[in-house]
Structure formats: C-alpha cells, structure tokens
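See the structures that follow.
Both complexes shown next keep chain A, but they swap its partner, so chain B is in the first and chain C is in the second.
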Partner chain A sequence: MNKILRNRVAYMVFVVPALVLYITFYLIPLFKSLQYSVTSWDGITAPVYNGVDNFIRALSDEKFWVAFKNNIYFVLFSVFIQVPIIIVVSILVSGVKRLLDFYKLTVFMPSILSTASIAVIWQFIYSPDAGLLNQILKAAGLETWTRLWLGDEKTAFLSVLVTNGWQWTGFYIVLVLAGIFAIPKEILEAGEIDGAVGWRKAWLLTIPLIRPVIVVTMLLSITGAMKALDIVLIMTNGGPFGSSEVMATYMYQQAYALGDFGYANAIAIIITVFTAILSLIYHLVNKKTSKEAEY
Partner chain B sequence: MKKSLTLLMIVALMGMLTLAGCSGSSKPADPPKESGGTTTPEPEKAESFDVVIRHINVRDTAKAMLKQLEEVSAATEKEVPGLKFKLDGVEDTVNRDVKLKAEMTSGTQPPLFNLFGGDDTIKYAKAGRLLALNDMLTELGIADAFFNLREFTVDGKIYGLPESGYIEGFFYNKKLFEDAGVTVPKTWDELLAVCEALKAKGITPIAMGDGSGDGWVANMLVNSLFVGLGGPALQDGFATGATKWTDPAVVEALKRVQDLKNKGYIDPNVLGLKYSQGQANFYTGKAAMLFDGSWAANAITGDTSTVKDVSGFFRLPDVGGPGDGYINGGWSNGFGVSANLKENELKAVKAFIKNWYNVEQQKRSLIESSRIPAMKGVSNVEGATELVKSLGESQGSAKGAFPAFDALVQKSVKVTLEQTVQELLGGKITPEKAAERMQQAQEKAIKEGK
Partner chain C sequence: MKLRAQSRILSHVVLLVYVVIVVFPLLFVFISSFKNNTEIFNDPWGLPSRLSWDNYANALSSSHIGTYFVNSLYISIVSTVTTILLSTAIAYAVTRMKFPTLSKLVLGLLLLSILIPPASLLIPLYIMIKDFGIYNTPFALMIPYAAFGIPLTTFVIAAFLKSMPTELEEAGIMDGLSTYGLLGRIVIPLTMPTLVTVFILNFIGNWNEYILANLFLSNQELRTLPVAVVSFADKFNMNYGALTAAITISVVPVIIIYGILQKQIIEGVTAGSVKG
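Let's look at the complex of A and B:
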C-alpha cells in the first residue's frame, strides 16, 4: 500500500481521471456560471458585463425572497417534521420480529420511483374533482375540508412538501435502520439489564448511538431542500401566482420563460452560497452539540 | 522512465476520451476513400445523409398531423437521392422555451424546426441563426401564396413559414345550450344571461384550466376583452408606452373576468386545473363553453370527445367598445430553417418546403386536423367537420383580426399578466390594482429593454 502511495505515476493514474471529471462537470460550469452572473445575457446574443447589478436586483427582488422563504420552509419541514418521523418509524420497524423485509420494502418503494412520476401521481391525488384526497374527504363527510390543493396559495406549497416527504422518508428510514442494526447487541443488552426499555432505551441508547447517521440524514435533507426543483416545477410550477416558487424554480423561470440568463446565473450562485452557509451553520452546531454529548 | 511515460499517455488519453464523450457533435472521420484507383464515377449514387425535422405533433390529438408529416417527408426522401429525414417530436412549450432556445444559444439547431413568429423569430434572426427564405420562396413560386407572413418577417426578410392560422373565441355545446333554452349570445349581457341559465341547470358555464404553469389560458379571454373594449390600437401601443395598461378598457376587461369568476360562470376549480384538463371538461360534456384557440378543434373532434357532433364556435360577443367585431387571429406558428446548412441539406429542405407548403397539404390538414389554412386557395372543403366550417364563418365574418398581445409586448410583461390574472381569479387583487401593476411591469420592461 505504502509503495503505491509513493509511486507518483500510479498515484496519478488513479487520481487524474476523477480530477478531470470533477473539473469538467463541476468546476468549469461553476466558474462559467460565475462569469455569466455578472452579465446581462439573453442566452443568444453576446453577454454584456453589468457588474453586480444582478445580485443587487436579486436581493431587492420581492419574488426572490418569497422563493427563498419557501426554501427555508422546505428545510424546516425536512428537519423538524420529516426527520423525527423517520427516526420514530425506524425504531419501530427495527423492533419488529416478523416480516421485517416486508416493512423495509414497503417504506423504501416510493424512493425508487422517479420524481417526475411521483409528482404526476400526486397531481392526480390532489386534483379538485376526481382527485383521491377530495374524494376520500367527501366520502368521510368532510365536504368542507376539500380544497383546490395545488391551486390555493394556502395549501399548494404544503401539498408539495408532503409529497416530497412521502417520496424520501423511506430512503432515509432504510439508512437509519442500517445504523440501528449496526449497534453492537451487547450494548443494548447491557442497557436493558440496567433497566432501559421502550422509549427510554430509544432516547438514551439508540438515538445517541446512531447519531452519525442522523447527522448525515439531516445534512442530506437540508441540501436537498435548498436545491429542490423538479417536484415543484412539475406539481405547481411555482403557482398559484408564484406562491410556491422555490429559488431553483425561480431561476429556471428567469432563464427559460423570460430569457434572462445573466440574472438566472446570479441566482444560481446565490443558491450555492446560501446552501454552503446553511451547511456550515449546521456543521458548527453539530460539532458543538457533539462535544457536549461526550460528557 | 519509459514506463511512466506510457502511463502518462494512457492517463491523457483517458482524459480526452472522457471529454470527447461530452461534445454532442462528434463528427465522423473522413468518409472512407474508395480504393482501387479507378476513376469511374458512380452515377446517381449520392452519399446518404440525415436531416432532422423538429416538430411538435406529439400529443394524441395531433396524430393526424403527424401522419401527414410522415407521408410528406417520405415522399420528399424519394425525390432527393440519399436523403433520410429524422422526425424529432418535442412537446411545444419544451421546444419553444427550453430545447430550441438552448440549441439557438450554441448554434446547433436542427435544419428544420418548429418556430413561433414575433419575439422568437426576431431574436433568432438577429443572432444570425435563421435562413432568410425570400429567394427560395420566389424560386418555388409561393412568395405570394400565404395570407400573412408579418410575424415571421424581420426587416423585409422572411425567416419562417406559418403552417396554419388560428382564431380565438368560444366553443360551445349546442346540446347543453338547447337544454338550457338559450342561443348564441350576441352581446355581453346576453352572454351573462346564457351563463346564468346554464348555471341554474347545474352546468358549469365556462370551462377553463388556468392552474400552475398555464396562466396564459385565461389571458386569451382577457386579451379579446380588452381589445373589444379598447380597440386593436390599444395593445399596439403598450410596448412603446403610447398606451397604458391602466386604460379604463383594460380595467373594465379585468373587472368582467373577475365578475365571471365571482358569479361562478367560470369553473370554480380554474386555478387547480391545467389547460388540458379545462379543455377536457368541455369536450367530455361537463361544461357548456370553452374560450380557446381554433387549434382546440382537433381535441374537440377527437376520439375521446363526447361532443364531436354538437359543438359550435362563436367569437366574443359585442362588448360595447371600438374593438367589437374584431377577432384575435393570426398565423404565428410554422417552420424555420437553420442558417448553417450544407448544400445537400439545403436541397432537402427546399424539396420539403415545396412538398409541405401547397394547397393540397393545406386542405388535408384542414379536413383531417381542423387547421385553418395559412395559404390562399383552399376551396371545396367537403369532409371538413361542422365545427371547422363554423370556425371559417367566424373568421370570414369578422371585421378584421388582431394578433395576440404577447406577440406585441415584452416577455416579462406577458409573465406578469399571467400571474396577475391568476391572482385576480383567486380574488387576491382588485382589477384597478392589477392594471396598475401591469403598467409598472410595462414601464420597467421599456426601461430595461427586455
């Protein structure tokens, strides 16, 4: 092993291809985007340099902040509603003695479907007349609860969040389950002998022991929420009247509906920066609490 | 050392291969030269080549149109040795807003493609991506054969050819009208009375799907209304600032649309439905009227329609303004040709245009796909449906036609109106406020020049 590490040629053989891919598909687009973000460009004619105008415009653009706010809702929903559900369900499933594979498979199913299919399926579920949800409500005598789920600004974004949650919960549950099953039996047994059973066991033993998995789950949820595009684009396309817009769909609209590629690139850069900041904050908070957890 | 050099080269090669995979237009190496050295030329054995035709006939309702296109391209292949057409169908908005736009940016547009007139054509022509067709049209003798090429003409050069025309107005279900004891309304008040009678019968008067990305649907009605109330000159002046969105005619138009919604005449689910769902509510007999373009005739007379034989068409009733009698119509969608064509590709394109743009094909698409002709001289339309005939009558009896407003204003204004009218239908904004916001968006667009 050491010999290979010292052999520079072999080193390069392994590293260069990955580096080339990384540069081609990550760094070059990022810097191109940065370059276009300081221009006024319609995507066809030559870009005109306009300094930081696009960034100033974004920061004073009301609609951009609506989109940003929705991204934050997305993050909060993921972290404070989805993740707890994931942990609770995982602990429940991990305690099941029979049909474990069946449960695992059932919860995992939605995440193997493509987002596009899921978005279309749920569009049918939310459909005003023939939609499953309104039909069920009507059948249950809750006629007054029926809504134009995706056409009402009060419910549109929430409906999208629920769909997104439905899609990804299973994936994370399987991730967390793997963490739970990796806990050495001896520790749990020792805990049980000391009297930790039921929720006490979960809270004092299982959760602290799967902490690394939960940390990853949360990080993936946060970055996933910040860059969400496809599900919103298909289900509501930002509507009604821009109330369910997220930053990525707003960027998409600027580029492809309005042909303002310079501004769209600026928004792309802002999304990158915001996501990096949020991840950093999360990282710091996590580091701090993990130190506390050691004592 | 030698060994390491070889390894380095392998690495470099791998890198290059990875990159080569990215370029979309990897050209094949030179064609294999004939060996043997004899100089006898092979007669008429042209090298085979592919020409892509980008079209938008992908929906089930456009099947007849696709078949027609397939037959014409097959016939053209026989005329040009070595030619093979590749039909590339892409959904219309995806093609217009994403795919073609991206191709235009990089200059990799297909030789022949579906193109919209107005703003799109102007932009692409200025970027030098479109071929001016004036000479070709003269050569083929069809320079004067079209009704109107205005939307495809930039500085006297013609950059596209419309396939068919359109008009916008109300489709209606004759049977439901009969059941409710009403007839085709001639004035706005009569329209309101018709709606009331239908509603009393438990029938949704006007079907409409204006949800999510389909905000343009309601604007067809808004457009016809403000032109009816303010006259065609009103919308011509928006883009330059000569007229304003705060004009009383626009406010009144917005008021009337909101009124239709508030009284329950427009489907209450309008914001939860997509364009196609709104259309379906009409052609499955759930709603009595649909404000739509003549292209909808295809769906209304299609296989899944239950109102095939009972549907008719009338233009917007008189609303009491200088625009009464005018109809929203034009010829704004067709084919454009790429500016960078090889000689043989140009030959193929020319042959296709000759075969596609003639009275015979125009007549066929009128009868089979209910498309309004873009070329003069179509007569004897036996076999056309009743609906198509009433479309023809509406077009013929109108005082004149005006283009859709989005061909005249900046794109950002179009998008603002879409969101604003959605808010109007949702009861979130008053007509006055909506008009003010439109004017602000318009002024901003004029200032920024986009």
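Let's look at the complex of A and C:
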C-alpha cells in the first residue's frame, strides 16, 4: 500500500507541471516586478538601476495620491454602504419563504456577467441624452440634476462605484444568505422564545452568528477595491482629468500610455504590499472572530 | 401574527425594489436594442413600435461577433481543462501521497498567491509573453489563464479530498491499481461533482476576463467577447441601437446558461471566493 503512495516518480509527475506553470506565471512575474521597480526603464532599452527613486517619486506624485485616495474611497464605499445593504437584504431574503429562489437567482445574476459588458451597459445608462439615469431624472421633473455623469469630475468616480456595487452586491448577498441558513434552527427558536423577534432578532442573534461570513465579505470587498482595474479602465479610463484614477489604472497608464515601466512596476509593488497587508490583517481578525463565534 | 404578515409584505416590497434595480438596466438595454435611434431619444420608455432586427443585422455585419464567440469559447475551455487536470493531480499528490514535508512546502508556495493581486503582475507578464514569442497568439491567454486558476482550484479539490474517506482507494490498491490508476479510476470519478464546480468557476472567470485579453492580443481576428464588446462601445459611440444590440448578443448566452445551471454556478462561484 505504502509503496504505491510513496511512488516518487508519480509524485513528480503530479506536482511538477502545475508547480512549474504556477511559478513561471505567478511568482517569477512578482520577482521581476520587484526588480524592475528599482529601475528607470522605458520597456525598450536596458533598465537602469535607480534605487528607491520610483517609490520616492510616488510619495510626491499628486496624481498617484489621487489614485490612492480613490482606492480608499472604494474601500469605504464597500464597507460602509455596500456591506450594510448586503446584510439587510440577506436578512430580508432569509425571512421569506415564497419567491426565495427567484430573489436569489436575480440578485446573483450581475456577478456572472463580464465586467466589460457591465461597464458598457452602465456607460449607456449614464450617457448624457439617451441614458437611463438622465431620462429618469427628466421624467421625475428633476431636469436640473441631469449631468454628464462620467464626464463630470464630481460624479465620475462615484458613478463607477455604484456600477461596481450593482455588479457585486448580489454575489455577497448569496454568500451571507448561505451563512444565515447554516445557523442551527434551535438557536433561533430559543431566541424567539426569549422574545427576540424582528429587528431585535436580527441585531442580537443573526448578525453576531454570521460574523465570520461578514468578515469574509469585508475582506473580499476590500481586496477587490484595492485591485480594481477593468471597470475603471473601461468606464472612465481614469478621467476626467485623472479624477477617477485608481492605483491599478494609474500603473496601467504609466506603463502602456507613457512607457514608464520602472515607475509602473513600483506602483504594482505598492498595490501588492497594501493588498497583502490588508489581507493578512483580515485573515488574523477572521481567525479570532471565528473562534469567538463558535457555538 | 398580524405584525408578522405586515413585516413579510414589507420584506417583499424591499426585495422587489432591489430586483427591479438589478433587472431594469438589462431590460432597458434589451428593449432599446429593437428601437432605432430616434425612438431611443424620443420615446425611451415605450416599447419599440415594431420588432426590428436592423440593429442586430448592423452589429453582426460590421463585426465578427461569431468569431469572437468561438475564440472566447475555446480559449476558456482549453485553459479551464488544463487548470483542472493539473490541479487535480497536484491536489491528489499533496493530500494522499506520503511525502508530508514536501507537500506542506508545495501548499505553502501555492498559498502565496492569495497575497498577490494578479493586476500587479500585468507588466512583467506582458514582457514575458513577448519574450516567449506567444504575444498575439491564443497561447498568450490560455497559458496565463491556466496558471492563474491553479492555486484556488487546488485548494478546493484538496479540501474535498481531505473530507473523503480513503477506503475505496485502499480497496483499489488491493486490486492492484497503480498510483496513476488510483487517480484516474477512483479519485477523479469520486471527485466529479467538485470538478464540475471548479470547472464552472474557472470557465466564468476566463470567459469574462478583459485586461489580459485586451493587452496580449492585438490581432482583431483573435479577440474575445469582452474585448469585442468594449470596442463596439467605442465604435458605435452615438449609435445606441447597434450598441445595445451588441451588448445583448454578448450577455444573453451567459444569462441563458445561468438560467439552466443556476444551482451549480452559484455554488461554484461562492465556493471559490470563500476558499480563496
């Protein structure tokens, strides 16, 4: 028996191909990125080592800070607007019996569509004349509220955030819903006997019991917000005047529009470090909360 | 009891509002795709005066949407199957075979991927693809897609294997199966439901991928659907009829497949995210 499961050749055959592919396309690019990030490089001639210049440059680059702030807004929007909506809707869905599957099916739908399609659909919704949003405002008599949603510095990034929220909220609702349905019935029944009904029940029982899945939701939305790229790239391309730039799009512009590959890689490293730190913090918090939430 | 009925109605009202917010934009795009531009501007809310397929003819004739569809399909399938074959093998080796130290090392290496956002690998990857000479070929997408799927897929399959009793494999060994025989004739058949789940998860991810597809292919003939949709949006800038038709063509197949496989899709997509 053990001979079969100690077959070295077979182990190599199973492990090596996947590992080689993974290392080549995951880990080596990361190390290359680190290497390039300390160089000045146009992508054509040989990279020239310039120490931490790129990182110092990022610190004093106003446009980079705009992008960084937008990532932070992205995180705040996810945590303080999306997550509460997710929790409220999930609790509502879990309370209904009729149409449960219908609600689940519909709210989940946007998360399987491609971000590209969604970005284009919402460009159409935000478009100045034929767009759905301005049409609704006109129909409601709020003509003065109509604007160039994606062409206005004040609203461009918020419009992207709303679109991103539209795409992903339903996905998290289904995730949280699974957490709610996993709560043992006895606990909820005992709570009801003790007088926890309606919002009291939600606040005192359901929410504390689904804390682990809420933490996962937060973690996923935070890392999602840090690495956001395609939705911004397609909808506004960072504009107008860089007002909706996020770190990843800024990196993209530096590399492919301006040919500054050294600086772009430094930004890539900054994104990686931030995402890693946030993920680590949340994995630690998650471990703690899941211990506390044991019942 | 009366209070309960009231709160239930309130729940339904809130949920229906949410459903409308989700469905209405899609429906609006769908309905607009049958209107001409004047109708879209003058009568945005009404149904089209007649069912006109002009926009579709326009969108189909001025582009190769059929080709893009096929490109998306085979690139997604080849990379997904590659990911699953490699991940099943590695998951089997690290959970079942008796090389504990080595296996821990392998899993630890794969775990690193959680900390690395793929977007930040974009530039070195772009340079590697060019160096390997696969820029502007389908391999420029298939190989990275296959590689990016490996860590998560391995974790999902390994988690399933750990929960599976080993009796059947032991019986297999008694019957004289080799290491490969065990994998092929016992483990893979038993893991099938999980494999379907990870297939869907990876397939949807690859099917929808935009950034690499946009960057690593410059030849129009090789384009995938997401890239095509975005380029339609640029091309049909003010021609909303053709634009909405193009969006509909790209979105409807996904929604139909979702309608059929909803349970597996929801399970697959959520399982993937949580394990990750």
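Please note the rule applied: the second predicted complex is superposed on the first by the 255 of 295 C-alpha atoms of A that agree within 3 Å, B and C clash if a C-alpha of one lies under 4 Å from a C-alpha of the other, contacts with A are read in each partner's own complex, and residues count from 1 in each chain.
Here, a residue touches a chain if its C-beta (ideal position, glycine included) is under 8 Å from a C-beta of that chain, and two chains touch if they have at least 3 such contacts.
These numbers were taken from a predicted model, which means no experiment stands behind them.
Touch criterion met: A:116 reaches chain C, while chain B stays clear of it.
In the superposed model, A:142 makes contact with neither chain B nor chain C. By the touch criterion defined above, A:187 lies against neither chain B nor chain C after alignment on the C-alpha atoms of chain A. In the superposed model, A:52 makes contact with neither chain B nor chain C. By the touch criterion stated above, A:24 is placed in contact with chain B and with chain C alike. Contacts of A:153 after superposition: chain B is touched, whereas chain C is not reached.
The partner of chain A that touches more of its residues, comparing chain B with chain C, is C.
When the shared chain is aligned, no partner comes close enough to touch A:81: not chain B, not chain C.
Within the superposed three-chain model, A:284 lies out of touch with both chain B and chain C [touch as defined at top].
In the superposed model, A:129 lies in contact with both chain B and chain C.
Across the two superposed structures, the residue set of chain A contacted by chain B and also by chain C is 10, 13, 17, 21, 24, 43, 127, 129, 256. Only residues 1-2, 4-7, 10-11, 13-15, 17-19, 21-30, 32-33, 36, 43, 88-89, 92-93, 95-96, 99, 102-117, 119-125, 127, 129-130, 132, 135, 139, 166, 170-171, 174-175, 178, 198, 216, 220, 223, 226-227, 229-230, 233-234, 248, 251-252, 255-256, 261, 264-265, 268-269, 271-272, 275-276, 279-280 of chain A touch chain C when the two sit together in their complex. The touching residues of chain C, counted against chain A in their complex, run 3, 7-8, 11-12, 14-15, 18-19, 21-26, 28-29, 32, 40-41, 44-45, 86-87, 89-90, 92-94, 96-99, 102, 106, 109-110, 112-128, 143-144, 146-148, 150-151, 154, 170, 173, 177-180, 182-183, 204, 207-211, 215, 225-227, 229-230, 232-233, 240, 243-244, 247, 250-251, 254-255, 258-259, 262, 265-266, 269-270, 273-274. The touching residues of chain B, when paired with chain A in their complex, are 3-4, 7-8, 10-11, 14-15, 18-19, 22, 97-98, 101-102, 104-105, 123-124, 126-127, 129, 211-213, 215, 269-273, 277, 411-412, 415, 419-420, 422-423, 426, 428, 450. Residue ranges on chain A touching chain B, taken from their complex, read 9-10, 12-13, 16-17, 20-21, 24, 42-45, 126-129, 148-153, 235-242, 253, 256-260.
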